[in-house]
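So the structure is just underneath, and the comments pick up after that.
As written, the chains take the letters A, B, C, D and E, and residue 1 is the first residue of each chain.
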Amino acid sequence: MKEVKLFLGPQHPGMHGNYSAHMYVEGDIINKSYALPGMLHRGFEKLMERRHWMGNLALIPRICVIEPDPNEMVYAMSIEKLAAIEVPERAHWIRMIILELARLAANLMSIGGIGAPVGLYTSVYWGVADRDLILDIFEKITGARVYHMYIVPGGVRKDLPEGIEEEILDLLDYIEGRLPEFYDLVMRSPIFQTRTRDNILLPEEVVWELGVTGIGMRSAVNREYDIRKVKPYARYDQVEFSLPYGPYSDAFTRVDFKYIEMAQSISIIRQSIEKMPKDGPVRAKIATGSALRWQVPPGMVYSCVESARGEYGYLVVSDGGEMPYRIAVRGSSYPQGLMGVEKYLPGHRIDDASLWMDTMGVCAPEIDR
Amino acid sequence: MNSTNKLVEEIRQRFEIIDVIHPDDQQVILDIDKMHLHTLLSHLKADGFRQLSLLSAVDWIKDNIFELVYIVFNWDTGVHVLARVKLPRDNPRFRTITPIYPGAQYYERDVHEFFGIEFEGNPMSYKPLFLELWDEMPPMRKDFDPEAYSREKFPERVYVPHFVPKVEVIE
Amino acid sequence: MMKNKSMFSPLRAWKYLVKEPITIPMERIFDHPREASDNYRGFHVNDWDKCVGCGTCGEICPTNAITMLPIEGLRETDGHKPERPAIDYGRCSFCALCVDICTSDSLSMSKEYLHISKDADSFYFLPDARGMHQTAFDTAYSRDEVSELLDLERYEIQEIPHENRNLSFTELIKGYSREMALAEASRCVECGVCTYTCPAHMNIPEYIRSVWTEDLKEGAQWLYETNPLSNVCGRICTHKCETACVIGQRGEPVAIRWLKRYIVDNTPEGDFVEAATARVSRQVNGRVGIIGSGPAGLSCGYYLRTMGYEVDIYEEKELPGGVIRYGAPEYRLPEASVKADIDNIERAGVKFITSTKVGRDITLEQMKDKYDAVFSASGYWIPRKLKIDNVDHPGIRFSPHFLAEARDFTRGKGPMPEFHQDVIVIGGGDVSFDVARTLNRFQLMTNARAIVRFIARKPEEHLAASREEVVEAKEEGVIYHLDRSPTAVLVDDKGDIYGVEVAVCETVVDDRGRAKTVCSEEKEIIRGTEVYMAVGNDPDFVYFPEEMMEALTIENNKIAINEKGQVEGFEWLFAGGDIVRGPDIISAVADGHQAAVGIDEYLMNRKK
Amino acid sequence: MNLVNFAYGLLLLLAAFVFQTTLTGINRKVVARLQRRRGPKFYQQFIDIFKALSKGSTTHGWVFDFGVIMALGGIMATAIFIPFGPLKAVPGMDNIFIIAYVLAVGMLGMAMSASGSGNPWASIGVSRALTNMLAYDIPFMMVVFGLIFAFDSSSLSGLAAIQREGGLLGWNVLRFPLGGIVAMISLQGMLGKKPFDSFIAPAEIASGPMVEYGGRHLGMLFLLHEYSTFIEVSLIVHLFFGGGATVLEFMVKYAVIYTFLNLVSNVLPRFKIDQAVTFFYKVPLAMAVVQTFLIIFLGMGVA
Amino acid sequence: MTTNAKDVRKTWEKIADYFRAHSIWMKWYCTGCGAIEMPPTMTSRFDMERLGMGPMATPRQADVLLITGYLSAKTLRRVIYSYEQMQDPKYVVGFGSCTLNGGIYFDSYATMTRLDHYLPVDLYIAGCMPRPEAIMNSFDTLIKMIEKGEAKGWKHYQENHEWYRRNQLHSLKEVYVKDEFHE
């Protein structure tokens, strides 16, 4: 059969985001493939060098639109390390609530969105609609639906509004009730299982070769490798949670793990609301003076958090000035999105290309930056 | 810092380390001569640092050097090691680390695109990745001015304001 | 989770066929769009009554979305620029950093979020309180103390210990340490509102930035740009800039005066001298004579020198400096500071002719012949007298003479002035406090006990003196008799003063905010054996020939001049300082500078 | 076939179009309910079709244009033969074999046109569509042959009439339950509903054959889709659900079946094409074989 | 005679515009951040299908091109390519700040600053990014504009193609790009 060249993306409905993969296809099998990133490249790292430490607050969350909060967190953490700032206790817990809500929203979109590549649109409609309820909570807390700019260096930007805890708890109950319905619709469906079981494998060697992290890694290497566990930040060392892990990573397992992680996120939020100090300061100043002249002591530091897709890290370099000297971003899906597409997408059928992107957790904006 | 001290001791015994910095208790920055970087990374990889988290560069234009930062991670101890080497800024080139960490391939391509650092032994790294038809110096270099470039390439809007500035004399 | 598969489990979703959808009804999207949350970052609203036009919002904006537009109909006043922020919604990222940093608390964001148009120009928006479409929306995101991005509290300047500081004339303020100066400088937002308010229009944001970047040499250069008396002004300026400072809208204004002082104190001497002399022109364009070496004269002389004129300054007293040498007390303005400034001016090439009084040793006509132009800044040296009984009693002493004597003493050039142990000071302004506190020190230096009674017509909060004077004098033990208006000096049979009779007064503030003092018939007697009067001074115009006096327009003891400093009717004569504007050092400096420019222009025109 | 018949046929075509398109619109609302939303207006489908027809479009060569017209002509010609309940435009011509034959012309035209666009996605889609056709047609035709054998008739209306004689229990779906299930599954495949829609899967091959169609061409494609749906569902109604003694009966049966299939479709993901073929050759084919065996050799269910 | 023909055309156009207004299919191309508010708009909570709108897989089928935020030069080439593949009449909606004047990326070397330099924009929505309500309202506005026959951006593009092409070439050097270069 003739080899045909096909473009998966950037405007392909099977592609999440403005990303592209070139595939050379023979019959239905992909022979070669290449990632074509850069459609969302905005030069963030350069722009960040041109804005004040505080002004970057507007830029930071925009690096990854699906889950912006880990960006804010990792940026804040870096500055706090460089400037040796003690974050107030309450702020730590608020941050955890925000981060877990964001993870919940991202995972909800993901378990709903898994319907799109396999044609089960009902779950997409459900997932996104339920996620919207979380965005409502975000709007109440932070003042914006998507780009929150809430976790700031030194703490959080504002205290929680009154009575939001009850609303969050109610929402968690609702989502907890909805999860089995999603599971019935998607995961227990024999057709879905036929498509995803023993398909799109991620062996342990590949994990180490590429540097895949997150659910993909945990499901393959049979260890609870999660930044929240390995090097806890905020107050993750003071809540109880356990993450799923296993030795065999196929598409089904990876989606299945997301359900378990969501249950864990819900549990973490509940614990946080319970353990959080009821009042107290929520923000420490990072430097003297007006925000126009905030400076961060010189140094270099790498900080990372666990996003819904894995290790999210910033390398922050300060020369002591009013603006960062250099920030390098490690998007969590960088390895699988670029090298994974090149090396491990070939061999799959084109039917599975979109599913591959989805279950591997390829997120375009954080790769392109 | 206790967890990293042993590690640093061990590395010090084997390699000539120029400087050690501890940004936090689970992180070590090692300044090392570029001659020894590859052996250091091999050693670290065998020592449990199986993941290359990030490879990036910093342009120290005042000192006329590029600094490459290799960040490797040990998932069992949770320690990040940041190995740094310095390269001259004119005609910067270095050997690839893809034989040690295959995942570095695209990071090197990334660094080549944004800083113009060449990685010998990684032919892929010479190709463009994010940018298309780029005709300027690598954009992450400090002497590149994105705003000027943007103005020249992408003209800005000039507004014709609708509003009549409202005259309300404040006493 | 359960992993058994079932053909029928997906069919459970059919239950939603009979459930109500969660879709938001159309009318809640189109007719009455859902209300945003109380914290929502919608479109901007700007309260024009509060807004001061400082432009800090535009500075912080990470997207360069905010431009300050000059608004017709607004006037520039102290602390207000006639500009308002216009926001480009083709840039704005709705981060609300502008709201968080707004100095006057005028910017906030509303719940309005709908603007749809095919006209791109309509996205350029000048926010006011009415919202984008002139419909009322609730305020949503606004700043609170957590999201604050300004530093509202001043960093403490180092002072000598409060205890026993009145035992000597050691300078009270030690100055900022490096850390504190940087911290204080970092509070500045560089809006430049102060520049307008400063009589000398000093480049305040620029020199504060020099402190911040630790480039003090550059800072010194900025200072000499508009003011050759930075040592002096860094200590005893009336700092009108600080009242205008936008940080003061909600917090304590930036300590501009102390930062200036930090520059002069910490710039290496060589750099400082260089900053002063580098701009001096070698060329000689003409000769100018100056009457009086006070701030105005010095400033005028210096700038004329930089423009290439030969300058002679005539001074009646032994040392040049006028009020800064014979007025301000040592603990505020040490001799070394004065000397540093005046030395620099001398280094720049200004010649001082001291102990020479115009009108006595040289006449104005002679000066007119000798020089191309004359600048008069003779100052206020004749003490004013209250119109009360026994005001001509020889036991009553007046501030100019007393302070000059005190200054000579602290300089080591004269004896300690004589004084009684139980004295009364009448005044209310800064000078009266100088007198009271100097007396207080003298008394304690010679005796273990000090009694200085201070009489003023107004209550504490309405006194003309600066706040710190009032507080510090009280700390030092000056006894206040406020709300009292002197009516007579009481003299006993022997002809000695034994007290002052005062009327009890009351100050009320009317609706327009003007304070009015009304004195009752009720009298009190305040005892003391010596009275010091510090109720202001008058100019001494004796050096003007009579025919000139007639031609001059003098109102309220002030000579009328045009905007170039030229005295009306006498194009060769310029005037400035107290005799034109009333007493204020920084205004005098400004006058001097302005007159220098005026003289230069006049002489250049004349040459042509 | 005279002119009156022809006019009658056109009228039926129009009725079929209005009926099927309205039903599609209503179904969009029903599915929306399932997805917890309200859905579009019930006449949205008409607007969509007319809008598409009102737009300009790009041609990709005469094969592309001709293929569409041929497909639409073929399908509309087929639709004329389908009895609308008791109404028949061309009596005596509602033979399954004729319908299957003319239907093939339409499908072929479609395949031709899509391939003519030159888009690789379209070629993949066409090859998938043909594979899919092969997969569902074999079990379906096997069951249909069983029916024809059992009743010795290949006329749709004739078969329907025979069923109606036996009342509710006379319906073939109850007489030959296995065959009924096979037919329903195959119908799902014919209609391109999930799980058998891999040939238009947007997320995989960017809507496959339709990828290059726009404007008028797309409008025609929509018309074609409505007619082929009408033909296929009618086929099942006539073959397994007793057709319709009255127009209303036919319409109700039709609507129920169509809606049911739609609802099933919207809670299932789609098979990959190879899985679909495997599935058809495993389950429905086996069932069809058993059913035909039962009919032919045991006479089971045959009255 | 001619006027008559014109009138007939007008009526026909009016009817067509009604259909075009109430059945707008959008091009499913997430060009930037704003795309993240599209799923909520499309799905159950806001359900834009009520307006007769839905996503379409290919540019040929689409009527409206949503530029959901910033466009990098790389995307811009593909957007122009997509736009030109769309069938007339076609509409462009610019989302948020970035399409108006570059938004937060105004000084980026990679992203364009104003969209109407390259494509005719029929409608802009304020916000960064616009909320689903704003998006829905903008569609409502677009529908009204089409009904009235005001959304004529595509004609403008045809008539001023030279100008647009010149701008495109100035910023992009080449509009059509072969993607093989990087493999």
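Convention: a contact is a pair of C-beta atoms (placed from the backbone, for glycine too) under 8 Å apart; a residue touches a chain by one contact, two chains touch by 3 or more.
Predicted, not measured: the structure shown is a model, and the values here were computed from it.
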- Minimal path length between chain B and chain E through chains that touch? 1
- Message: Of all the chains shown, whose C-alpha centre falls nearest the centre of every protein C-alpha atom combined?
- Response: A
- Task: Going by the contact definition up top, give me the pair of chains with the most C-beta pairs touching.
- Result: A-C
- Separation of the C-alpha centres, chain A versus chain D, in whole Å, is 44
- With chain centres taken as the means of their Cα atoms, state the distance from chain A to chain C in Å. 53
- Item | Geometric centre distance via CA averages, chain E-chain C, whole Å | 57
- Centre to centre, by mean C-alpha position, how many angstrom separate chain A and chain E? 30
- Item | Numbers and ranges of chain B residues touching at least 2 other chains | 129-132, 139, 144, 146-147, 157
- Message: Residues touching two or more other chains, restricted to chain E: which are they?
- Response: 43-45, 47, 50, 57, 59, 74, 100-102, 104, 106-111, 114, 128, 131, 182-183
- Query: Can you list the chain D residues in contact with two or more other chains?
  - Reply: 32, 34-38, 202, 206-207, 267-268
- Message: So which chains actually touch one another? I want all the pairs, not just one.
- Response: A-B, A-C, A-D, A-E, B-C, B-E, C-D, C-E, D-E
- Query: For the complex, which residues does chain D have touching chain C?
  - Reply: 30, 32-38, 263-264, 267-268
- Message: Give the list of chain C residues in touch with chain E in this complex.
- Response: 21-24, 26, 29-30, 33-34, 36, 43, 62-65, 88-94, 113-118, 120, 123
- Query: Where on chain E does chain C make contact in their complex?
  - Reply: 44-47, 50, 97, 99-104, 106-107, 114, 116, 121-128, 130-131, 133-134, 136-138, 140-141, 145, 150
- chain D-facing residues of chain C, complex: 10-11, 13-14, 16-17, 19, 21-23
- Complex contact set, residues of chain B against chain C: 157, 159-163, 165-170
